[in-house]
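In the two complexes below, chain A is the common chain; its partner is chain B in one and chain C in the other.
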Partner chain A sequence: MIKKRIKGNYNGQKAIVIALLCFYMALVIVPFVILVCGSFSSSDAIKDVGARPWIQGFTIEAYQLVFENPYQILKSYGITILVTVVGTVLNVALCSMTAYALARPNFKFKRILSFFYAFTIMFQAGFIPTYIWYRNYLNIYNTIWVLILSPCFVVGHVVMLRAFYSAVPKSLYEAVKIDGGSEFRMFLTIATPLILPGIATVAFYTVLIYWNDPFTAMLYTDDIVPISLYLTRLQQYIALLREAAAGKMGGINPGDVSIPENTLVFAMAMVTSAPIMFIFVFFQKFFLGGLTAGSIKE
Partner chain B sequence: MANRKTKSNKSYIKDNAELSLLCLPSFLKVIIFSYVPFLWLTIAFQNFIPRKGIFGSTFVGFKNFEVLFTSPDTMTMIRNAIAINALCIIFSTIVSVLLGLFLYEITSKLLLKFSQTVIIFPYFVSWPLIAIIVSSLIGDQTGMIADLYSKITGAELNAYSSPWVWWPILTFLYVWKTSGLSAVTYYAVLIGTDKSIYEAAKIDGASRFRTMFQISLPMLKLMIILNVIMSCANILRIDFNMIYYVTQDKSALLETTNVIETFMYRALRGSGASYEVTTAIGLVQAAVGFVLTMIVNKVCRKIGGTSLF
Partner chain C sequence: MKKRKLLLTCAGLLITSFALSSCGDDSELPLDYVDNGEEYKLTYYMVYNDSQIPSDMSTVERRASAILKEKINSTIEIIPYTYAEYTQKMNGIIATAAKFDVCFTAPEVNPYGYNIKKEAFLPLDHLLPTYAPKTWESINSNIWNQIKVNGHIYGSINEQIFPRTLGMRAKSPTNIQDFLNENYDGIKPSEIYAHIEDPYDFVEEYLRWLKLNNRGNGGAISEIHTESYLMNYAGYDDLCSGITVPGVINISDTTHTVVNQFETQEYKDMIDLVYKWKNLGYLKVSSNYDITPDSTWKPGYLSNQMMRLSDPHYFTTYVCGSMNAISSTSKNPARAMKFIELLRTDEELHNLLQFGKENTHYLKDPEQPDRIAEFISGSGYNNENFGWGLGTEFISYLTPGQDDDQWEQVKKINDETELTDLIGFRFDDTNVYTEVSNCRNVVNTYIEAFAKGEFDESNKSSTYQKFIEDLKNNGMERILKEKQEQVDAYFANK
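Showing the complex of A and B:
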């Protein structure tokens, strides 16, 4: 009798836990449903009723407008893809090389170099010194290089990979040493293939950093517009258009503006983030694996 | 014996040369992109004339810092940064720990995988995109949240002209974006722990909540403490993207959303303070960050045996 009551209590509490988790998941999902549905809704319905998590008057006019003049979008997409691919390869290479060296107990400069890298997270020069240096002396202002190099080499990723490399069994190192293998060979053919889940996790984080970075372009370029900045510019432009329609242009009814202004930003947001969502769906399993493996080893 | 020693010495030098070579590219990158800009921090002590550069401009001592610390803006910025960071740390810790504990209680494989995938998803979404969703929810009276608010309270929610609603909004968004991912890392710690203690507790008749809070939670204690302490090192730093895009850089909201990063950005765009004063506040921010990180590192090494470097 008592045992049964405890059992019932036990399952009842489990139901509460599941209910709370589902509530949180709903909080996560609903905003994206609003975004997706908004992008397929008619602009007038959104204007009258507001964005809701269901489609109001199905239409693809917003997407048509996004792709009506695809030149700028394709250009921005090209810039973002180039920057993301080159940047990710570079960041993963630099971080894994550094992390491997810092994980080796026989490396003489281990401590001093660790401090050298960690110092850059603690103490940063700020926007203005960096801006003057990039623009007036390094001459990478308004080039594709600033977008690739400025966010490159994330010290946090080095810390993460170092934990992975440290977990590689010592005996493997010794075996390679006895065979007369060099540190390079050890790094390339033994240690790195063993920690591929960690490399994949870092690569995934890096793709994200580059893809979702309007900030570097906003600060250090004039006319190189990656897709994330393009989205922000479009949003600002539409906000201006609305203000103009509502106030300063007096007699004009906002409804007269011929573009689907209420849904265009939604459609554009979908177009800019579709690749990230795609990558996420395909790699989340791999990513979750690397994430949990890394934290256990730490 | 002597021969063996020289041989191992030789291989020690060769290994170290190779390892140094592996570090060389990142070393150069960090020197060029992070260390050289420190030179221009001298602007903070100068009457800076861009045409003459730092070597031609005259030094004025601590005058820029005096301007800085007599300006009411400075205190507002520091207050905002500390308030927003403190709220974010407190609430994201609570939510992510709870979610981690909840995940551990899920036994269905399918639900577990699905819920992990869902809750980490917002982490992969950019702030500009979140800003778009937020403005569609509270931007005007038809927005879902604004509508709900006016139905409940009877008053209109004009979020983009009322500064004091933004601390809660930003906190909510930060928690919403990041706590799923930290929850998964807490969960990862829990699945690595010894299962027998849970079985013992179950046999003793402990309820599920009791095992959650008296067995699982203490196992996470150290990690929670370390995470909180580490975030405290960044108390003056805020993600520029979060503030700038979500508040849409509205000047009506500056009372609660003006932080050092956005202040620097406005100065750079020529619509804010002078370069000298801005560099000075940047230097203060960096110095505070440095001191706090050194302290945090010491504390973490003492209580947890881990450290940043």
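Showing the complex of A and C:
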């Protein structure tokens, strides 16, 4: 259909727009091609000439280093996937329910709750109080729960979803009420399906949050290692070795280990972002819908 | 309006109650502890110096428990954290006042002074001589004095190399060998210091040679390492406060005058040298350097690449570089002290924590009982790079490539280097805390750029003037005065 429209209204202006868009697309895609090719290139070649959008001296040494410990990598992927799936479902459920409540004009505690949520955006407790809270009171330190619960409520998502819920026509709510439907039924079967694009957008953001979060695991667990933390540690250690090689740390002997440090970052980026790309394809159709939602005001 | 007030009050109350609960009681900690002899489970937070935490901690833990059960009727839980994460992790653990016994501490990692202020560590003045006599005797009493805070010792020093020697690491062993063969009759990199007048002239000569012969990357160097230059080369002792805090004393100065290291002739010379090398094309931005400026040369450490450029000297900062501390939450400090002593004296325990279990994690050299032939890769444990944090380095097995008399050489340097009379003095920054942190920020914004020659040469002297002015505006004079007063008081009491 899109093709037809372009063909039908073809003129010079459109051509310029299309050319510009193609140029922009190239700007976005070329770095990605560099990333893929860089991860398969040899580290020395990259050092001498820099990363290029083609493969220089094909090698998989960077991947070998990343996948040095296959059992650990599989375990880490398992943890990440579990946390992401459970966490996303929980996050979307909590955020949409909150947003729905805040969007309803007859909700009594709307103002006070909004104040609390806004407060947490501006003021955060910081590391130590959070640590004490998780470890001594909630007892979720070093369990899978800390990874799921820590980022499971995002005020930004609530704000976004509230706007979506507010856009649902008020007359719909009234109709349900007259037919005797409960508030929960209204939320679940009427309002939420109407704002599915919004839900999908939030869900996708949430997936990203859970997927790319090494810090929760780093701070609040001892031996649960999601894939993001695994790679962060690898990177930290290489930075340490580089410092040691520069002689800034007397204690550490970097030895003669050759590390493909220039290509390793590429391989690491590939390992983390490849699964996300598949997820994006899945979410994409909702995004197109989401873009037009809210474009018409009553 | 009323509601809001109530809310604010509630929030205020919450905050104050949290703040109050984090304060400890001020009662004096007892120094004397007795071991009741009952079985006790120790908790030890260990640095695991590798990219990941070990996948096979349990084997090591089980074996360590077996050794400790036999020797001191204890079992042990070892929790490993990577070097990069250790400080943050311990920060949380100490904040929750969780029960543990032993942890690693250093001036910058799991910071020693900071944790003492939080009363996280126990004073060990009585415990050390009573339960760890060998550790106590093996280290010079002046060095013990060096780590005293408010008159108490809070850490057990790990034995390693104490004095520092200026070194430069050449990237290519063949280049340095050819250079020495051509110009210095083939002396070893570790003996250069005896044949040269000035270390930095020698480095320049090497860089010139590389450029002339088109070797390596044509004589490329990234920076002159400020700390290494001011301390190891120029001989300024930072009084245990870090080189980024103004106020140092030259180790050869018998009058003990505190000076600002950034106003010394040596520092000005260093900046001139940076720009000289930059103009000659040696100092540049590259990913492939022929020489890395180094702070320390040690025997047996990269012996074909490290050039030794000076005599060893003691500095106050470096003798307290690695310690073990006992937590104030420990239920049995005496037993914890015995464990620290065993780390230093029990060869099996020490090497178990460093290299893992024989035949599981490494294979021994059949001809030499104290040498490791091969590490088994993927075996899940190798803390090879943390020997300097496990009591002592001197009972570690030798790893492939180390000299047979590795540890004897280190011991010899420790013993033969003369202690300076500054060893034992520790600057206490309580009175000038704000000035110290302000000046540190100023210094950090400038020195890296000066060391790399990042300022335009025409602005060099005006930027330098501004640097010194900024320091003065941020209370440098007060720090210098405070340091001088403390030094004077220290020598008056001595």
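In the analysis below, the second predicted complex is superposed on the first by the 203 of 298 C-alpha atoms of A that agree within 3 Å, B and C clash if a C-alpha of one lies under 4 Å from a C-alpha of the other, contacts with A are read in each partner's own complex, and residues count from 1 in each chain.
Heads up, the rule we're going with is that a residue touches a chain if its C-beta (ideal position, glycine included) is under 8 Å from a C-beta of that chain, and two chains touch if they have at least 3 such contacts.
Note that this is a predicted model, so its numbers are computed, not measured.
A.B. asks: Chain B or chain C: which reaches more residues on chain A?
C.D. replies: It is B that touches the greater number of chain A residues.
A.B. asks: Considering only the touch criterion stated at the top, classify A:V28 as touching first (chain B), second (chain C), both, or neither.
C.D. replies: Touch status of A:V28: first partner only.
A.B. asks: Does the superposition put A:T272 against chain B (first), chain C (second), both, or neither?
C.D. replies: In the superposition, A:T272 contacts chain B only.
A.B. asks: Of the two partner chains, chain B (first) and chain C (second), which one does A:V159 touch, if any: first, second, both, or neither?
C.D. replies: In the superposition, A:V159 contacts chain B only.
A.B. asks: Tell me which partner A:F127 touches in the superposition: chain B (first), chain C (second), both or neither.
C.D. replies: both
A.B. asks: Tell me which partner A:L219 touches in the superposition: chain B (first), chain C (second), both or neither.
C.D. replies: Both chain B and chain C are touched by A:L219.
A.B. asks: Under the stated touch criterion, which partner chain does A:A101 make contact with: chain B (first), chain C (second), both, or neither?
C.D. replies: In the superposed model, A:A101 contacts chain B only, not chain C.
A.B. asks: After superposition on the shared chain, which partner residues are touched by A:Q284: those of chain B (first), chain C (second), both, or neither?
C.D. replies: Touch status of A:Q284: first partner only.
A.B. asks: Intersection of chain A residues contacting chain B with those contacting chain C?
C.D. replies: In chain A, residues 47, 115, 127-129, 131-132, 136, 219, 236, 239 are touched by chain B and also by chain C.
A.B. asks: Can you list the residues on chain C that touch chain A in the complex?
C.D. replies: It comes out as residues 3, 7, 18, 49-53, 55, 79, 81-85, 88-89, 91-92, 95-96, 98, 160-161, 164, 167, 169, 222, 225, 228, 287-288, 292-296, 298, 301-302, 318, 321-322, 378, 385, 388-389.
A.B. asks: Can you tell me which positions in chain A touch chain C when the two form their complex?
C.D. replies: 47, 68-69, 71-72, 112, 115, 127-129, 131-132, 135-136, 218-219, 222-223, 225, 230, 233-234, 236-240, 245-248, 250-253, 262
A.B. asks: Which stretch or stretches of chain A touch chain B in the complex?
C.D. replies: Per the stated touch rule, the residues are 3, 6, 9-10, 13-14, 17-18, 20-21, 24-25, 27-29, 31-32, 34-35, 38, 47-53, 93-95, 97-98, 100-102, 104, 106-109, 113-133, 136, 138, 149-150, 152-153, 158-159, 177, 182-184, 187, 208, 211-212, 214-215, 219, 228, 231-232, 235-236, 239, 265-266, 269, 272-273, 276-277, 280, 284-285, 288, 291-293, 295-296, 298.
A.B. asks: Would you pull the chain B residues touching chain A in the complex into a rising list?
C.D. replies: 11-12, 14-16, 18-20, 22-23, 25-27, 29-30, 32-41, 43, 50, 53, 98-99, 102-103, 105-106, 111, 113, 115-122, 124-129, 131-133, 135-137, 140-144, 146-147, 176, 180-181, 184-185, 187-189, 191-192, 205, 207-209, 212, 233, 240-241, 244-245, 248, 261, 264-265, 267-268, 275, 278-279, 282-283, 285-287, 289-290, 293-294, 306, 308-309
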